[in-house]
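First chain A sits with chain B, and in the next complex the same chain sits with chain C.
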Partner chain A sequence: MKILKLEMKKIIMFPMLWIFFVLCLAFNVLILSDSFYESYGNYVSDIAKETGVTIDDHFYNALLQINDMNNPNYAYLLEEAGDITDVFDNYNIAYVGEAYIKAMKIEGSQPAQMLREKYSLMQERIDKKGDTNESLTLFFGGQTYNNYWYGLSRLINVLLLEGILLSSLMVLLALGYEDMNKTDLTVFSTKIGRKINSKKLLAGIIIGVGGFFILVLLTLIPYLLLNGYPHIWHSSISSGFNYISDSIAGARPFATWQSFTVLTYMLASIGVSVLLLICFMLMSYCIGLLIRNSYIGFLVLIILNGLIVLVQTCIPLTNVIHYVFYLTPVYLYLLNSYWFTDGVSIIWSYFELRGAVGSLLILSAFCLLAGRYFKSKNLT
Partner chain B sequence: MRIILNEMKKIWNIKIILLIIFSSLVVYNMFMSFNINYFFSNHPEQECYVFAMEMTKKYGKRIEQKEFDQFIKEKKLLLNQEFIQSIANESILTDNGIYTFDDMYLFFNAEGNRHIQLEKLNGDEEKLQLMSDSKCRIYGKEYDYIGFKFQTIMHIENDYLNAEKYIDYDISSQDTGPKSITRLQEIKDTKQYKNISINETRIINRIQPYFFFGSIVIMLGVIILISPLITTDNLRNMSLLQYTSKKGRKLLSHQLIACLISTFILVTLKVLIFGGIFSTLGTQVFWNNAFNAFYNHSYSTFDFTYGQWILMQVGLLYLLAFVLTFIVFVISKMSKNYITLILKGIPIFTVFVFICMRIFDKPFFMKNPLYRFTQIVGIELIVTLLLIALGIVGYVALYKKNGVMDIH
Partner chain C sequence: MLTVNHVTKNYGKFTALEDITLEFNKGVYGLLAPNGAGKTTLIKMLTTLLFPTKGDILYNGDDIIALDEDYRDIIGYLPQDFGYYKNYSPKQFLNYLGTLKGIEKSVLDKKTEALLSLVSLSDVANKKMRKFSGGMIQRVGIAQAMLNDPEILILDEPTAGLDPKERVRFRNLISSLSQNRIVILSTHIVSDIETIANKVIMFKDHQLLCNDMPKNICKYLEGKVFETSEISKIEKPHLVLTQRQEDDKTYTRFTSEEKPAGHIKEVVPNLEDVFLYIYKDEE
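Let's look at the complex of A and B:
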């Protein structure tokens, strides 16, 4: 425990990490100042305080009682709320899979079959959503797409990237610390010896995850408070006002495997982000044990992930292995805006959980192997 | 010279070279190759590019009214013959009175079209669907994109005839700044719209992204190559040993020269490789042609040819790479270990990505964001030179500090 604390102290006392942390925060502020802001979204949020977020008779009555006809936002909301229908009622999502099968030209292959199975499974969830009127919630009304995709979703994307960089570097720092200070041979000759690396990894994970949480709190809380999220927390993320759009299947409802509110979806995303962060830290640990130079180690980490993307594009779409690559940490990061949704061309449900847990297990095995290699390595 | 060569030996480390090669491969395949492989896709941009190429091969850098009329006449005649041959296989169209491209255009582009179309077909929706499918085939690969060819020639004709009107429209626009108005007037007065140049959609959708990501590959290469030099010396306590040599602390300037030469070599190699790949597209046909053609609506801030434009961008790449060399050199000297170096390198790389995004976004054109904001001709070069000055100031400050620094 004492060693762990000291290893954590080594990371915390590294001043440049703090400067980088502050730079990340400054960058987030820059992103936020550029994010789409509309008074209508905030107006809807204020109204939700009075009406609640579920669009039902109570909502309409409460909305009519407000009677703010002089405000154009009110008239627009009245019109929007009057027009909304349950997007999941009689909604058949199979066409999305078919559009992708056609676009990817994989008809008749095993992935096509698996994609159809995934969408038929999704259909069951959608029918349930239709039964519970899940889409009849307010979110930000007509402003939902811009507020969510250019605001919260983009922010989570940036935070995740910063978290990955920061935590990977923490592990590389912890591993390379002794080498940097020429204390490696002394440390490895102590009682704990080379086993200290596992403590260093643990220290890196604790500080990395902790740092990520602080970064998330310092960025997300002001953003959520300023953009009226507290009043719409309990809107469904699959609100009829929220949608996904791409060039292959067009615009369609934001359908998730589970019923999520905006709050639970955000928390679930942060949870997967933490798993992903640990994956990258384990990757850094393996590389750090194999390559002593942390500069080269970091570049190898970046290039290795780039190569994963590159290799995937070379594997034919009719081969299942092509889709296995979607479960790697780098792809999970790239596809973070599709977490807990159908995941378009990915042939498995819950790809983010399968990917994160699977990667965690595989990388843990690699860490054990790298640790074993390091144990028997000659140190000069 | 011997010291510089030895420093360069340290810079061109085999591991670093391999990392540069792999990182370039990854960025090229992920972001740049698309622009080469799909340069000749997208319709009707492709047709416009081909017609521009034909015009420049036939008439040179400019096309006068008579020549243009002749070109359009010849093209229309040829395309009409091709169209008639194609439509003969599409009986659903001919049976409903569509024999020429004009007939087809009028039918499918009628105002309030679906209602009028159905009226003409006595409400037969199935027939309308079949006719639409047939039209899609006419526009598609099956008939060598004849529909797009015809459509493009019509647009080109319209653009040529209304070129002055379009410029006037831009002049009267509220978004046009005072300097831009003067420049647009000059383009109109000197009839520069008669120029034949590469079409702007090719520039915006293919050439610009290629240049932008090319600049990223180069900047990344410079950072990877230069940054470890002095930090490695610091880590190995080499600096103290170096200061006891005859050159002493002046060695820093030799190291900088070695870095600048290495940057020059790296940029030259990358420009040759990526330029070589780019040259396979054959856009050199437009090398001596100026911009501001009638079918484009992006205007240059001063007169230059396509070749000069390419060379100016390459020049900017060299300058930006030198700026980065100065900055990376300074942070390398100020970093005691690799993690500190990386933590300083990431924000600098991010800032350079943003700078490249602004500079290589339609550079030297009125739509460049820096020009739109400042209305200064050549602002891209001015910003780069200011950055160079900043880099030099940073280095001079470091050099002075290094000269009087206490050694422990």
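Let's look at the complex of A and C:
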């Protein structure tokens, strides 16, 4: 425990990490400055105190009683809420799979079959959503949707990338620390010896995940204070106002495998983000044990993930291996906006959980192998 | 007892050490050889940083690799080119390394204080090491090596980079620490070990040349070392060792298989003579 604390202290004292952390925050502030106070969002938030977020008879009655016709926001809300229907009623999602099978020209292949099976499973979920009127909840609408929801999504995407880079660098710096200070021979000849590396990894994971949470809080708290819309957190993420859109299947409801409120969706996404961060840290650990220079190791980490993307593009779409690559950490990051949804061309449900947990297990095995290699390595 | 048992170390096709067999009991052992002779390789194998290609190293009959942390628990090691954390004070640094050595905090605090006092660094115990001289850093190095009161103290070129005064001080310090333990000290500077080593180990062509007391090693050149102020008049084959000035004359010390004729004085060979003679072909 004492060693772990000392290793954590060493990581915290890296000037490079603080510089990187401050740069990340500064960049996030830039993104924040892009977002602005939305009168409509704020108005809906106030209204929701009276109406609740579920769009039902009580909602309409409460909304009509407010009768604030002179306010254009009221009129707009009335119009939007009036138009809303349960998007999951009689919604058949199979066409999305078919559109992708056609676009990818994989008809008759195993992946096509698996894609159909996945959408068939998703259909069951959608039918349940239809039964429970899950889409009939307030969400961001109109301009607020574009300004706020996209802004928030973009911010979360940036935060995830920053967290990955920060925590990976942290592990690599922790492992390379002794080499940088020429203390490697002294440290590895002490009683704990080369086992110190596992303490360094654990210290890196604790500080990495902690640092990510601090980064998220320092960025999101001002953002939410600026654009607080408290009503939205208890709305369904699959609200009729929310949608996914792409060039192959067009705009469609935001269908998820589970029923999430915006809050639980955010928490689940943060959970997957933490798993993903740990995956990248394990990857960095393996690289750090093979390459003793932290900065070269960081470069290798980036190149390795670039290669994963490159290799994937070379594998035919009709080969299941092509889709296995979607479960790698780098793809999980790139596809973060599809987490917990149908995952379009990915042939498995819950690809983010399968990918994160699978990668975690495989990378842990690699770490054990890398540890064994390092244990028998001649330290010249 | 520490035993090096027919150890060979290869780096690819290069053989750094070949079939070395040694025994270390309590006392000071000087590893004396020029740079590149394999001293550091042997020391790194003794500290489990390198693994023998052939043979094994035993401590009281057990393989040190298998003993793992039980073995490292009883060694203290000062590497050549000792590194340190510039932003740490000696006290912080010793506390960190002491923790890695598994020393209890209550013991460690007292031990750190005592060792810093021993190496005369008490007054700078809480100062950052960033501005420390080479001598001060080496003293931190010896203090960290002594933290666990090791049964085997291994020092790799501990006087490298030290000025003559610091070197004498360091020698005295090592001598005072050598009671009841094995001290293995590698150097290519004869004076570092001449007076303190119980035994001197020398390598030649990556093989063990000798492992003996200094006086016995000096016997190797008995009757073959001479001194003269007229070296230019010596016609027999000889090897110049050292020169010294006295009474406006330059006296040259040299070796020759036979005593040359003329104004020649036979002198008692010392370790430096043997070192220069043995490694005459090496840079």
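Keep this in mind: the second predicted complex is superposed on the first by the 369 of 380 C-alpha atoms of A that agree within 3 Å, B and C clash if a C-alpha of one lies under 4 Å from a C-alpha of the other, contacts with A are read in each partner's own complex, and residues count from 1 in each chain.
Here, contacts are C-beta pairs under 8 Å (C-beta built on N, C-alpha and C of every residue); 3 or more make two chains touch, one makes a residue touch a chain.
Since this is a predicted model, take the numbers as computed values, not measurements.
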Superposition on chain A - do chain B and chain C clash or fit: fit
Contacts of A:M16 with chain B and chain C, given as first, second, both or neither: first
Inter-centroid angle chain B-chain A-chain C after superposition on A [Cα, multiple of 10°]: 90
Touched partner set for A:L275, first chain B, second chain C, both or neither: neither
First, second, both or neither for A:I192, with chain B first and chain C second: second
Chain B versus chain C as contact partner of A:L25, first or second or both or neither: neither
Partner chain(s) touched by A:L379 [first = chain B, second = chain C, both, neither]: second
Which superposed partner A:I3 touches (first chain B, second chain C, both, neither): second
Touched partner set for A:T313, first chain B, second chain C, both or neither: first
First, second, both or neither for A:V300, with chain B first and chain C second: first
First (chain B), second (chain C), both or neither touched by A:I362: neither
Where chain B and chain C come nearest after superposition, their Cα distance in Å: 6
For the chain A and chain C complex, residues of the former touching the latter: 2-3, 6, 10, 13, 178, 181-193, 195-196, 376, 378-380
Parts of chain B lying in touch with chain A, wherever the complex brings them together: 15, 19, 22-23, 25-27, 29-30, 224, 227-228, 231, 235, 337-344, 346-347, 350
Of chain A, residues touching chain B in the complex: 14, 16-17, 19-20, 23, 27, 165, 169, 172-173, 176, 180, 293-296, 298-300, 302-303, 306-307, 309-310, 313
In the complex with chain A, residue positions of chain C that touch it: 11, 44, 47-51, 68-69, 72-73, 75, 77-79, 81-87, 96-97, 99-102, 105, 141, 144, 148
